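We just call them A, B, C, D, E and F in the order they show up, numbering each chain from 1.
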């Protein structure tokens, strides 16, 4: 990087134009559209590191996103990337992954996109043990459209479509994923950057359906409606209320409104993927 | 199990269930090869406690080279990785991948028959004695710091230097009894080991650097152990100067950082001035800071000096008052290594006797339930601090697990139907005692209830100490103050007692975990009712007296006599009348109820 | 010359397969043109079902029956339903054990074959349709026996060729007792 | 029904044993008067005064009296039960009596030693204490102690020199030992010392 | 492998099976589908056949998933297809639009049945003809081929792939239940006699390549994922770089180009058959199974001496406007459009023919094909 | 016992140092870097960037240990640290 560096000598601070992660970012599109304190950027930052650590050749990594705030992730990553319609990232990714098994296909999308409208795709891809890395940024709300209730919104939380507090039971996503047969399931908040990075690295290198739930603050909508303070306050909440419990029974990891958030690696198993089984079957192999 | 703490103890002699918290080291000690790469990259430096702060360690460290286990650990309080964020440099460089920030404390349950408490001691912090300038003057050090500075494995690799300029000090003063034998600051007791330690330090110096000039300021040199006197004399022969008298103040020459003391020479008389390159404060021994935790877990007591109390100072010096628990080393009192080891052997031997016996009898002071009277209200289950009573479903009588019952009698006092009998402390037995005591001249008497472990023992201690107090008290011993049924108190007043005293262990020190909380509730209820009935609540007193509080016991006795004197015969007669009336009313009510029931049945 | 025919029976008798074999024999092995459409859906499972085959020397445009010249009935229900629509002078073949004959005056030929019984005798009741095809081939002459045999072998599961060939022959050889209402025999 | 239980269920026959404890009690309490007085208490079958009841002769007196007077309750009016209850329980067990049928009155720690200047009042208090003990004794019943197995393992809390030594001793005698140390290493204070007195050995 | 992919020879098979074989012969190696009557046989045939030729078949959880899966496979560089019928077709519409917007080649087989809603699952309809043109939201042009026989199902499936690769869009094979389920002879030629159009990949280096910069034919050359081009593809309005630009200035040219690449190339794309048009007074316009009925009627009319001609649409979309206009200008007496709906393509004929020449629709809401007599009646009405 | 002395080896111990780089115009002022810097190297500047956000500023550069937390937690890819040595060698190269 031979960019102009202003060295304000006494403070030892440098003002620069480029960032070490820029090579994996479409830096011509930065700054991104996410609100200040939104956690998605941090999740992307972790992903960039994780991708580097995973040893996967960058050109062999394809990122697929759906619609919504997190749906924009594909557009900021300097990889082969596809921005599908609402909820359909997983089936698109399925097509890519099956058509060219050399590619590492990552679905990076939000909770509304993956779990609600795309819920059927999510559970079926997990069931098939499709060789995908799914990173689900869960901010408990539909952010892009202005803060509507999602299938992950905790009970009693207020949203624009549950103005008196959500009366529905939310999904316990890791439990759902385990029930569906996912090979790898982890959950971290965006505060747990190093662990999140590690989980993403593991997920990228996992042969099979790997699911990483990333709890992220939405200060603009979720937090404001529920009077939870700034994004920093939410981060602080994660700090105080996240409990690391690797191998926790996913049945116990549901998230209530401002309750303890159990994080950790919940599931890490090895079993043949869809394609392995499919090809084993068709070549008359089998196990 | 290093880096572990006992967090819970239940059960009883021969059958303790202990939960040990194995604190996480964040380093897999099995995998760690102690290569030290992590230390190189760790950005956090902290003073090394092992080297008394003379050198640094990182947030990831081995306590000292010979530590067992020889594995690194991360001090999370120091580490940048304030959960849940970690800088992770150590984890990144660790080839064996044995650093795991997600490690959690482990809780291990073990079962043991005997417990030896060897929680040791701490060293007195002399910064409290400001005139000695510790922490103000770099060349004033403690005896523990001396150990590190002279040690070949220490921060200076055994080159004895003074901290201010790293030059070898040639004139060294030792001040004895820092924090010991002082009524005002530190502790009143003799710390036992400091005299000999100073003698040793002087000899070490003379050995390493014969030209060193050592001066010891002391009150007495207590060299009472085997070959100690020889040792002391040897130091004198080597030229160590002993001056009787403790300096009042240390001053520092800001230029040279040398230290000056003024001291009254109580041997020779007169005031001496001395200048030193370095002064060593011979600091005393204090009870282990956390000993209260273990004390509480094992229901032990402490003596007035803060060390753990033995079951008997002469006959059972290594037994704790709680059966199956033994004390050893400085947890019990300050002592040197030899004595500690000896006591360790003794404690082990006593534990051995217990373990080898293979079985033990539990005193028959336990509860039994008469199923025919029980109405299944389960109040007893709620009050039992030992969870020794098991529910069989509401409405049916619960079961008492005799082995788990410690015999406090709380359940018996709580039982509204009288269906729980506290063996050997039955209602009938205690009521007979009340009646016997108040057979004559109740107005002259204080009817007292005292728990076996604290108040009664406090009374014994007053006796042993020959503390005189008025004669009006008549104590009834119960295992715990929680055995005192409200009915006993009423019976006392009804039989004409001028005063009733309920006494037990201090609130937080109950020998039955939390049983005496119920005592408080019961006494409160009686006070309320006394107030309602027009009986002066002052006539019922509740006192907490520990086994070591003979003085307090005597004082309580004196105070209560004064109260007793204020109670007139008329007042007592009035009380008896009121209580008679109450009894009649209660009887009438009961009869009416029975009638109703019979009517309904008819 | 366009010939329209229908095979009917109940689901499970291989009615569609029979239609397929006729069509394939004509189109692929006899070098004619043929279409086959089937009753599809619930009807294929249990109740009346049928397949319509059209055989022509020229390309076929309209692929459905307009004038049914041949009906092969393997069930009473099919017989009752379709027999009235057989063209005048058409051919009506049926399984005599499953269909109770009732006269349809205009039809030229009624011929019966105990196709299911033969199949049973051969050991597999499922080849009744093939027996009927043998009978059909012999009675109608619409498709050559060689083409039929090839079509059958291409359509039936491997390993059942001999059985099916036997079934075909059995039907082909069957000499029916003539049920005479009109005049003449054969097409 | 065994003999002991039978004996307990019979009408109480109480023996009272008043102890002088040298002058410890007798110096303040008029033990002779107390002894005489005690004979008047209901169900008391015998009263014996001893110089030192806890000493062998004193204990023999008890054993003798139990047999001679067919006693089924014993009250020892001497010192604190916290001191000698086990002694006298053992004593009555020697002659086949259930140890829970023995009761003590604390004439020493709770009376003579603390009321040295008030001999009369102390004597009166002593009588009350005995009266109370006798009243209680009347209602005593034999109790069976629960025998429990001892887990053959020990816990040592503290991994300094003392704890290590105790743990090693126990381990050497064949018991499983858990040594719990709160610091990251065992060794305690001693590990921080250089040399130890008086032999000047290395501490580690 | 390829030998096995092209089953050279004569077969007696259904339209569904033939469409699947056509796909395989065209090089389709990925099929994502969801069973639905009457298209199920396409799916089943693919499940059976794809593994034999080294391709992947996956039965997705629904049609939305199927549509997206084939888009994904296409971007991974593999020819892909799916098949469905009415209800599933509706579900695919949104993501068909995604395929249009992202210019993703693939083929969609719609075996039409009677609608609306669940309608007549097992019976014929031709009621999705306008849906395929307009069913997804937004402006776009489509290519839809209508086979009238199993043979055409095979041939047109290949052609559909060729068109989709050439013009980079999902292409419809608008079959109907009758053709789909009808058995007829299908002749599969040797592999080397099948003409295939392969995808046009860019020749530029990653740095120079703009994924949505079109060539002269308005179609941009493609890449495939994993080749190091690191393209971003979005269903949002995007610039030539592929980046979302939500502005009219970007949207208008983009959508115009997407429409124009078909419209302006329509003359190269559209196909039809003509019979007896030279002297025809009445022109039958038909497609799919109906074309066979119509042809039957035309033949019968000609036998009767009536001057009836037949324009059989092969591509319903783009619609051969020029031909209709030519016939109308020549002064035919009328267009007769029999179709198994209540008048969908006839709207198109009517629009192009204008007011001067009447367009008579022979409606049929579905469930069965027209009886020739119904069409005869329409002819009589025009000729009088 | 509190450890109050300056350790004798305090001057010899080496810890990694880092230099913080900031892309001011990307910052949206979330303050995560400032709040979570474990060494309190950063403060929020009083100044605005062009979008009107207060961006972070280094206040105690010497404390930075190059833990890189600011980079990882920054949702905007607007800040990072790298090792001091790397920086100084780069500078030397530039100068040369």
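Note that in this section a residue touches a chain if its C-beta (ideal position, glycine included) is under 8 Å from a C-beta of that chain, and two chains touch if they have at least 3 such contacts.
This one's a predicted model, so the numbers in the text were calculated from it and none came from an experiment.
Common neighbours of chain D and chain F, listed by label, are B.
The central chain here, found by comparing per-chain C-alpha centres with the mean of all protein C-alpha atoms, is A. Contact tally for B-D versus A-B: the pair with more C-beta pairs in contact is B-D.
Chain centre most remote from that of chain D: C (centre = mean of CA atoms).
Averaged Cα coordinates give chain D a centre that lies 105 Å from the centre of chain E. For the pair chain A and chain E, the distance between C-alpha centroids works out to 38 Å.
Inter-chain spacing, taken between the CA centroids of chain B and chain F, is 48 Å. Here the CA centre of chain A is 28 Å from the CA centre of chain F. Among the residues of chain F, those in touch with two or more other chains are 36, 69, 73.
In chain D, no residue touches at least two other chains. Touching two or more other chains at once is no residue of chain E. Taken together, the chains touch in the following pairs: A-B, A-E, A-F, B-D, B-F, C-E.
On chain F, the positions that touch chain B within their shared complex are 1-5, 7-10, 13-16, 36, 38-39, 65-69, 73.
Chain contact summary for the complex, chain E toward chain C: residues 10-12, 37-38, 121-123, 177-178, 181-185, 289, 292-293, 295-296, 299, 369, 372. For chain E in complex with chain A, the touching residues are 29-30, 32, 51-52, 56, 58, 60-62, 64-78, 80, 94-95, 97-98, 102, 224-236, 243-244.
Residue ranges of chain B in contact with chain D, taken from their complex: 1-6, 12-16, 18, 20, 23, 25, 50, 52, 62-64, 66-69, 73, 110-121, 123, 144, 147-148, 150-154, 196-197, 199-200, 203-204, 207, 225, 227-228, 230-231, 290, 294, 328-331, 336-337, 340-341, 343-345, 347-349, 351-352, 354-366, 402-403, 423-424, 426, 428-430, 432-433, 435-437, 439, 445, 452, 456-457, 459-460, 462-464, 466-471, 474-477, 554. Residues 19-20, 23-24, 27-28, 33-38, 40-42, 60-64, 66, 151 of chain C touch chain E in their complex.
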